[in-house]
Every structure is written in C-alpha cells, then in structure tokens.
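So that we are looking at the same thing, I have put the structure below in structure tokens.
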C-alpha cells in the first residue's frame, strides 16, 4: 500500500469513533429487520449511556459493522453474545480498566468487578451457578441508563423491583435457603413509604444496606452499623443502654431485634410495654423489672402523645372556625421535635432523662394549648358578635319595613281621599 | 330641652348652609314605581358598598405596609394581632367581590331596561368606565397581600396585557413599573389602588350621580303608569332595607369564611398549577385559553384580546347604536345581544371552575 | 313636633344600636394594642460576648428556630435551624465546625451548604449586625 493510502486509512480509523453515528452500521441495519429478542437491542440502543459516549455494537461485540454481508460482518473479531458466566469479565474488560475508563468518565469507579467477586452473587457464579445475578440482570443490556436518571434500573426507586425480580421469585430462589418475602416486606416499610410516596431519594433501598456490587447480607453484628449510617443518634443512645451488653452476649441483632430488617415500620409507642405486641414482651416476662420499666415508659410517652394530638386537634378546630393560629402551629412544631426526641431517647432506657424531656415537652404543650383555647374563645366571641349584630340589623330591617308600610298606607289614604300631592 | 337645643342647632346650620332650601329641593325628587322599579335599588347598593370599601380601605391603610418584605407580614398582623383586624380585612375582601358582581347586575339591568337611551347616554358611558375602574381596583388590590396566588395572578394578567400588538410591551412595563412583578409593581399597584383609581372613580361617580339627579330615573319603554314615590324618605328607606340585608350577608361571610392570608409570594418558585385570575376576569381568561392558537395566520390570543376591546367599545357605544330605543321603541335586537353577552359571561365563568383542567 | 309613634322609637333605637355595634370594632381596631411587631424580619439574637468562640445558640426568629454561631475565628453567622430534610432542629458541632441534624445525620457547613446526608436543600442564611451591645439577626433582602 502506498503512503497516501496508508495515511487515509489511518486517519479514517482514528476518526472512525467520531463518525459512529454517521457511520454505516450493518449490525443495526440487519437486526432492526429481525424480530423479538434479536430486534430488541436496536430499539434499546437509543437510550444507552454507552451510545452517548460514541460506543457501538462493535466496541463490545467486535465484528465489522461496515460490511453488509453477515458472514463478513461477523469476522474473526466478532465475540457474539457472551455466556452468562463470562458477563462480569466481559463488562469488566473496560469497567475495571482505570486507564480505559479515564478516556470516557474519569470520575466513575472501577472496582465494580473486584467488589462483585466478593459478593454472594459473584461467589455463586464462580462456583458454577449461572442463575446468580450478573451485570446485565441489574443494569439491563443495550439500553443501560446512568443510575442518575429516573428510568434507569438502578435509580433508587427502581432498585427494589430490580432486586426483587429474582429475590421474590419462589421458584428461582428455591434452592438457596433464603426467604423470598423481602420485597413485599420492604414495600410495607416506612423507608418504602418515604421513597415511593414522599419521593425522598435519600430513603434507603436494597443497596444502601447490602452494598451493590459487593452485595452480601450484613451479619447479625453489623446490622446495627448499617442502620447507624442514617440513625447515628439512636445508635449512640443504644450503646449507653443495658441492652447493648445483653444483646451482644445473646448474639441478638441490635436494631433488628425490635424493628425488623426489611419490614421496618414507623415506630410508635405501641412497641413499648409489658404485653404483646410490644417488643419488650419478647424477652421480658410480665411483672419483671424490665417489664415494669417498659410499662412506666409507655404511660409517660402515651400521655404526652395523646396530649399532643389533642392540642393539634384543638388548633385545627380553631383554624376551621376561621381564627389565625399560625404562630401556635409553629410552636407546636417544637413540641413535635420534643416528642420525636423523647421517643428516640427510649433507646438508652434512661427513664429519668426521658421523664425530663417529656416534662419539658408538656410545659411547651401547655403554652400551645393555652393559645389554642384562646383561639377557640376568639371564634366563639366572633360568632356571638355576629349574632348580636345580626339581631340588631334584623330589628333595624323590621323597623324600616314597618316605616315603609306605614308610609305606603299613608300615601294610599291620601291618594284615595283625592289628594294627589305627594307628601 | 333636647328639642329646643336641636332647634337652635338646626337654625344655626340652616342660616349658613341653606339647609331648608336643600330640603325643599330634595323633597321634590321622586322615583317612579312600577313592575321593574326593583332594579333601581342596585345603583344605590353599589354606592353603599363603595362607601364600605372606602371606610375599610382607610382603616386597613393604618396597618398595611406596601413593601415586599412587610406586606404579607402586615396582613398576617392585621388578621391575628389587630383587634377586629380580621373583620375589617375580610369585609374589604368580600365586599370587593360582591360589589363587582352587583356592578355587573346594575349594568345589565340598566341595559335591559334601555336606561341608556337619550338623554342618559353619558350616564351609561360613565357607568361603563366605572366598571372598568372597579375591575382595575380589584386587580390592583389583589396583589397587595403579596401572597403566592396574587403574585402569579398578576404575572399572568400583565402577560396578557403585554401581548397586545404595538402597545403591549409599553403598557406592561408601565403597569409593572419594570420588566417583571417586583417591589416597583407593589408600590405602583398601591398607588393605583389608594390614589389614582379612587380619584378617577370619585370624579366619575360624581358625574354619574349628578346626571341621575338631574335626569331622574329612566322608566322602561312603554311604561304608562305615572305612580311616583318621593325619594326622601320613602325610596331611601327601601334602599336602607336592602343595605341592612346585605350587611347581614357580609357579616355571616366574614365570620364563617374569613379571607385567607395565603403563603408569601416567592418569585423564584414555579407557577402553581391551575393559577387563574379573580372570578370576574375568568370569562376573558377562559376565552383566551379556549381560542385556537392561530386564526387565519393571526395569533388567536391577540385576536381574542382585540375582540374584547372592540366588544367593550361597542358595548360602551350602545346608546348611539340603539336608534330604536332612542325613539322610545322596543329594540328586541339589542335585548338579544345583551342576553347573549350576559350568557357568555356566565357560561365562561362557570366553565372556568367546572372544567379546571382546560 | 309629630307624635313619636312606637315605630319611630323602634326605628331610632335600632338604628342607634346598630351604629354603636359598628362603631365598637372600628374604635377597637384603631386603638393601638399591646402586641408589638408587625414584621419579624429582625430580632436581637444575643448580647455581644454572650457566646465564646466555637459556640452557638438557638433562638426564635419569627416563629421558627434559628442558630447563631460564633465561629472558631470569632465571626458571627446566623442561619435557619430548620433542617431541610424533615424539619428537625439542627445543632452546632464544635469539633467539625458544622451544623448537624441528629435525626438522620444531615450535615451543613456554616454557609448552609449540604455537606452530607439526606437534606435536599441548603439552609437559609441570615444577616448579622452588631449594634452596640446587641447582636441583631435579620433576613437578607
């Protein structure tokens, strides 16, 4: 080949990636005319994050997309669709190569493959179980979107479904000896409500507690550290309580024993007490010291909470009656904080401290209650005032009506008696 | 003793203000009484409600602050901190709406009774301008609490004004005091509401009432009856009866449905869904929403606005256009036009609330 | 003078009573009441010297809590203390020089920026002015 042709070829090859879109792509041309699974990759490609970076079929599967003939296109470099057990290394070929990734997205991590190999999925795959999850099971294939986009399979509110696709399938999970109710449990949890109902993206999903590429269920002792990521104050309080030592000795999971793991419901004072369904009753026999302490705690908190609800209703009532109670409602927010703090304090079982917080809360609540009563008084005053004024106006209207009637009669009489002059 | 003092006070004032002559003149004033004379009360009710607005407005001025950092807060203070502030403010807000509604009733009743015919053309024209003025009162007053609804309603309303051909941009900048709704707008709307518009309204009301005094009440075409009742005190007492009843209505509304304070305006927030102007503008607002985007290559919205302006002009010129009424002949054509206009306004207003998703 | 009939007395009396009923709220409205401020746009948060360096205090601003911090370098900053996640009250953490929300581990710097945790928006900052012995905190215009 002469110099000129070589130069042309080299520059064409160098600039080929830039021309990826304008370039002939026989893979897409042929596959778009096929059906079902063979057509799917083409349709999905438009949204794919790899396509955005200028990568195409050839960059993962090899082959020669400039060739129309299928045998020429599927040349020696053509890798085809990898086997399931080969997929992690297939993707990892680029994604764990820091130098390669730097050219596209330097901020992206490159330890996914090594993490995966420590995970349960990775371990099972290594042992030959092809049912274990691989990259494409969670990220999809061909239409992979960045996890920052809401339609991505790995966007926070899609993750439970992505994991649940396998983990709630009883048939699939039959031989693994783990439950399949995690997704249903999670969906009933307060975390799911925050995520799906309130659209709070900071709410934890599967990977926040289990890890994503290195996914493994946390061991009993480390469940608490997982929870402490978001609930540090509660964790600190628990460490100070006598439960810490007891739980450690018994090998009981700290947060999990009372709150569960997937089906974590909004905590309430109903969890504390001497009788079922209070969690204290799981270990403490009725009548024991622990049980009595639980009952006392329950009484304190319930009293405070019912007082709080009553005052909330009081303010709502005043507002319904048209009285401005904005200032009182703000003060009530402070009491809400105190209530939440008091409930949180139950984790250190310091009854004296809790009683003090409740007492402070009751004092603040009393102020708000007074404001609420005053507002209701104002509503009553307004209605009384309206009543009085309306009565007076009705009397005035009656007086006017009488006067008008008298005048009309007088006029009629005058006109009747022949007097045409108006008065 | 009291009658004696009363008499000397009366004598004192009479000698200086010519009161007895005024009374003699006043006693001559009569009002026709016939099947349709019930409609005569509406003018007086509008005047009464205007007086209430002036009184409550002056009182609100005592505690209101027209600055974006304080306007909303001052309304909050009036509603919760000032004795009877809730009442004065609610009266002002409710009466504004009732007044505008009754102004429409007054206008349509005089239209259907053809009271605009010669020699009362100017009464009709001043009345039309008064309606426009009072709707401007409503528009400017609505912004003053500086809450979310008022901020965005003002934005939407002035955007529509700004879309007028040629004068639109200048008009919008003049109204807003700048390119967008800001402190300048609040100060300007306050000025409109408590100075400019009241002055203009007083002048026009003065002319309007003067004309009613000199020309007397118009009788329906073909009304043969000669029955008349004196204005003082017969008609006035009947007027007062109506005023008493409306006071009861306003009182009930204010106690059971006090006017809300709303959330403070945040210019950076996105426009709330379903934002619309006050109800008396909604017939125009919904028309603009329903009009197709383009009609014969002219922007639909612009065409609709020009349509309203042309319509308003024709409406104002009805006394000149309705020749038959001018000759004391029945003019069913104009009655039909009036009915059509009234029906349009009612239907479009109801549609705004019945089908909010339009 | 005409004989005063019952109707006339009735009318006069109800008219006077109605006028009185209307004048009463007007008079109460116009007379100044005890409650002070219209606008709570600025408040005296503390006295000069009340806070040592690297300490903070929570105070009422309008009707929500706010925090006044005397930084380690001696500057005074004030911010809203309402965490933008779920409205718990944040507190100053002297060791890291940050504002910390104990409910879900949200953390803000002293400009209000979110450093970590679930809060979705920064904290609103206020203007601080020292006038005489008072530290006045007001809303930024």
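Every chain is named by a letter (A, B and C) in the order it is written, and numbering of its residues begins at 1.
Just so it is clear, a residue touches a chain if its C-beta (ideal position, glycine included) is under 8 Å from a C-beta of that chain, and two chains touch if they have at least 3 such contacts.
It should be emphasised that the depicted structure is a prediction, and the values quoted were computed from it without experimental measurement.
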How would one label the connectivity among the chains shown: line, ring, star, complete, or other? complete
Centroid check, CA-based, most central chain -> C
Per the C-alpha means, the centres of chain B and chain C lie apart by a whole-Å value of 38
Cα centre of chain A to Cα centre of chain B, whole Å, reads 51
Chain A and chain C: spacing of chain centres that average the CA atoms, whole Å: 32
When you check chain A against every other chain, which residues touch at least two of them? 326-327, 385, 389, 393, 396, 400, 403
In chain C, which residues are in touch with two or more of the other chains? 25
Residues touching two or more other chains, restricted to chain B: which are they? 87
Chain B partner contacts - residues on chain C that touch it in the complex: 1, 25-26, 28-31, 33, 35, 37-41, 139, 141
List of chain C residues in touch with chain A within their complex: 7-8, 10-11, 14-15, 17-18, 21-22, 25, 63-65, 85, 87-89, 102-105, 117-120
Across the complex, what residues on chain A touch chain C? 200-203, 229-233, 326-327, 330-331, 333-334, 337, 340, 385, 388-389, 392-393, 395-396, 398-400, 402-403, 406
Within the complex, which stretch of chain B touches chain A? 30, 76, 79-80, 86-87, 228-230, 233-234, 237-238, 240-241, 244-245, 247-248, 251-252, 255-258, 261
The chain A residues in contact with chain B across the complex are 322-324, 326-327, 382-383, 385-386, 389-390, 393-394, 396-397, 400-401, 403-404, 407-408, 411, 422-423
